[in-house]
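See below for the structure under consideration.
As written, the chain order gives the labels A, B, C, D, E and F, with residue 1 at the start of each chain.
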Amino acid sequence: MVDVGAKEATDRRATAAAVVRMSAETARAVRGTRSGTGGDAPKGDVVGTARIAGIQAAKRTAELIPLCHPLPLSFVDVHIEVGETEVAIVAEARTTAQTGVEMEALTAAAVAALTVYDMVKGIERGVEIGDVRLLEKTGGKEDWRR
Amino acid sequence: MVDVGAKEATDRRATAAAVVRMSAETARAVRGTRSGTGGDAPKGDVVGTARIAGIQAAKRTAELIPLCHPLPLSFVDVHIEVGETEVAIVAEARTTAQTGVEMEALTAAAVAALTVYDMVKGIERGVEIGDVRLLEKTGGKEDWRR
Amino acid sequence: MVDVGAKEATDRRATAAAVVRMSAETARAVRGTRSGTGGDAPKGDVVGTARIAGIQAAKRTAELIPLCHPLPLSFVDVHIEVGETEVAIVAEARTTAQTGVEMEALTAAAVAALTVYDMVKGIERGVEIGDVRLLEKTGGKEDWRR
Amino acid sequence: MVDVGAKEATDRRATAAAVVRMSAETARAVRGTRSGTGGDAPKGDVVGTARIAGIQAAKRTAELIPLCHPLPLSFVDVHIEVGETEVAIVAEARTTAQTGVEMEALTAAAVAALTVYDMVKGIERGVEIGDVRLLEKTGGKEDWRR
Amino acid sequence: MVDVGAKEATDRRATAAAVVRMSAETARAVRGTRSGTGGDAPKGDVVGTARIAGIQAAKRTAELIPLCHPLPLSFVDVHIEVGETEVAIVAEARTTAQTGVEMEALTAAAVAALTVYDMVKGIERGVEIGDVRLLEKTGGKEDWRR
Amino acid sequence: MVDVGAKEATDRRATAAAVVRMSAETARAVRGTRSGTGGDAPKGDVVGTARIAGIQAAKRTAELIPLCHPLPLSFVDVHIEVGETEVAIVAEARTTAQTGVEMEALTAAAVAALTVYDMVKGIERGVEIGDVRLLEKTGGKEDWRR
């Protein structure tokens, strides 16, 4: 683990994204679990469940990623949009700490995407997760934007 | 959660994959952490660490994915190949249970990929994870192969 | 821990309940987070979030309750009804195992209730959780019904 | 999750309670596990085990309650009194942080109560948990007392 | 992880031990936390707390030890004796599974020992844990006894 | 739990050690898993896996040891040397906090040692862990050195 003890605690933010690609029919089913009209996924509200899963995963990043530092997150959220043939996920994490929250944002996005897969795999097993990537980080030595 | 109580416990296997795309220089650094010759990543042995992270994540799938059943895994492994401009991950999970291990294999692949990102982000922040997908499942109602 | 090694693995079910008592105004806010009409709680969809929290807690019962056995749950669900001045929670757990799932159902109900509290405490801090109780268990030495 | 990043870190305390209602005979058995005289519960020292379970649960509040922030607790304790027909639990949590510890105190009280249930359910299955409630919080925007 | 899928599920037991060596004065303090007479440790009942910690750790062995299989434990217990200048710990684990419970028994003994250390380190920092070892295993390919 | 709320947050370090004693042949097998020449352990790279297990365990100390405070670790590392008839482990933890990291260093050393045992138990079941001890702590009320 990198020693961050000598670094100053500053405000840090990171935003990450992921995309879950699926057929138009499956995307329609995902939308249907929200509105109760026009679709149906076997396990209930896909977007709401994936959002909670992503938030909870962000809080466990240091347990999952061996060399990550445990961080006192001040904010995590996950936004999910259902498109024609994909579910687009954007996760944001914030902290005031000696190191950044990129891994927290990425873990939230990835686990939300895995949860979407879990909830539609009964209707389309070939759904694929891609574009898991950092969009932006601020705070620390330097800001970064994709 | 789907009720799997009436299903028969059968042998189940699933294989999933993920790809971490990076520059040739970063890939060289990853290779260097293995052999001690020709490269260097700031946090040590990338491939070995990502493999362990993936195996441990598979065992925690039911904690991460809200509607997953806890399963007594009989085998998990993660294989990682470092290519010219990517790290390719293949994860396999096996059990004898009433439901399949697709999510365990996918979670192992995704967390191994996130761990690779964590270990190289100090040298290339724009590295991207893609192609997180099920390759094959056997056992249960029907086999499936991508 | 009681040794259950000599007991036969049989189908087990348990149902448990909890009630979260609040003002009519707070209950209206909780209903509003579902429909988007007529109310508002500061943290979003109360019922959906509490349901997921309860399901996930059931799977971690053996980590929380020191002398509980880890069990391979085949089903967990949490149903939540918003009344005039209360939120009523019913949780059900099922397994095929050497010991029962009463604690899993009770833990799901209690954690769902705590989650409701967390999501409305910004508008009414005095909300109270009561009637956390087993409703019914079947399987094992004898059935039981409240 | 509410963004607490702009709030000041201040000293925070919260006290919460729960009651486990049971027959006089069961309460006597619980007392007996303490003194070794006059009673017997099938799983050993009820009060000591429930106290530890409550303390450990407080530390895992952010894992259980989806929108809770992880907090660096500076103190947790759980006091348990065995009455004629009930076990009364009071839990206290303290931190210096940007948000309060109400959920930590409530989670400690609830999990201690569930642990009491687990340890006496072999002799009285109808035992009920009630009055899970915040008693007092100090620090933050305003103090509150029931 | 070794693939145990082809092995038969049989009854397995393992017993492990650990010793915590300390001064006579510290051992007296540990004894005093039990009886309330003749000693005092700063954090309360040492033996009872260490026993619970050991039992809970056994259930999390597969999370701690990377290549361990998750096992449905049917029994765990930890016995602790306070001697003149040591605390002796014996832990036992049982399951019916395709692989053994040696690591569960050893993890229970080691974490119980660490807990003893934690509770007396305020009065004697040099206390040492030794002789963490398997005493016996039965079931599986062959029995073994130290 | 001791209330550390009134203590000042200062830089804290702790170093702990453990030894895993084994036959010369087993130690040779452990060395062989590193270099790929001259030995073989059934489960792969022993030293690398034990190091990761120790680091991850340090981050979970407060979950394992009931009365430990959760701490924001700024650094953890585990060094492992393979000798003629033993594997020697030294773990270090650092934080800026109101209480020390002795338990984090000791937990890292103990879990790394348990992981070594797990990976060689297929070839020598009688391997023993000893000398789990604090080497040094700095920061807080007073420094200490064995």
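Remarks
Simple rule for what comes next: contacts are C-beta pairs under 8 Å (C-beta built on N, C-alpha and C of every residue); 3 or more make two chains touch, one makes a residue touch a chain.
Just so it is clear, the model here is predicted, and its values are computed rather than measured.
Farthest chain from chain B (centres taken as the mean of C-alpha atoms): D.
Looking across A-B, A-F or E-F, the interface that copies A-D in more than half of its residue contact pairs is found at A-F.
When the C-beta contacts at A-B and at D-E are tallied, the pair with the greater total is A-B. Among the other chains, E has the CA centre that is most remote from the centre of chain A. Here the CA centre of chain D is 32 Å from the CA centre of chain F. Mean C-alpha position of chain A lies 26 Å from that of chain C.
Centres computed as Cα averages put chain C at a distance of 17 Å from chain D.
Taken residue by residue, chain C touches two or more other chains at 1-2, 49, 52-53, 56, 60, 63, 66-67, 70, 72, whereas all remaining positions touch fewer. Chains that are in contact with each other form these pairs: A-B, A-C, A-D, A-F, B-C, B-E, B-F, C-D, C-E, D-E, D-F, E-F.
Here chain A touches chain D in the complex through residues 11, 52, 55-56, 59-60, 70, 72-77, 94-96, going by the rule given at the top. By the touch criterion stated above, chain A contacts chain B in their complex at residues 1-2, 42-44, 49, 52-53, 56-57, 60, 63-68, 102-103, 106-107, 110-111, 113-115, 117-119, 121-122, 125-134, 137, 144, 146.
Note for the complex: chain A touches chain C at residues 45, 48-49, 52-53, 56. Across the complex, chain E meets chain B through its residues 1-5, 62-63, 66-67, 69-72, 97-98.
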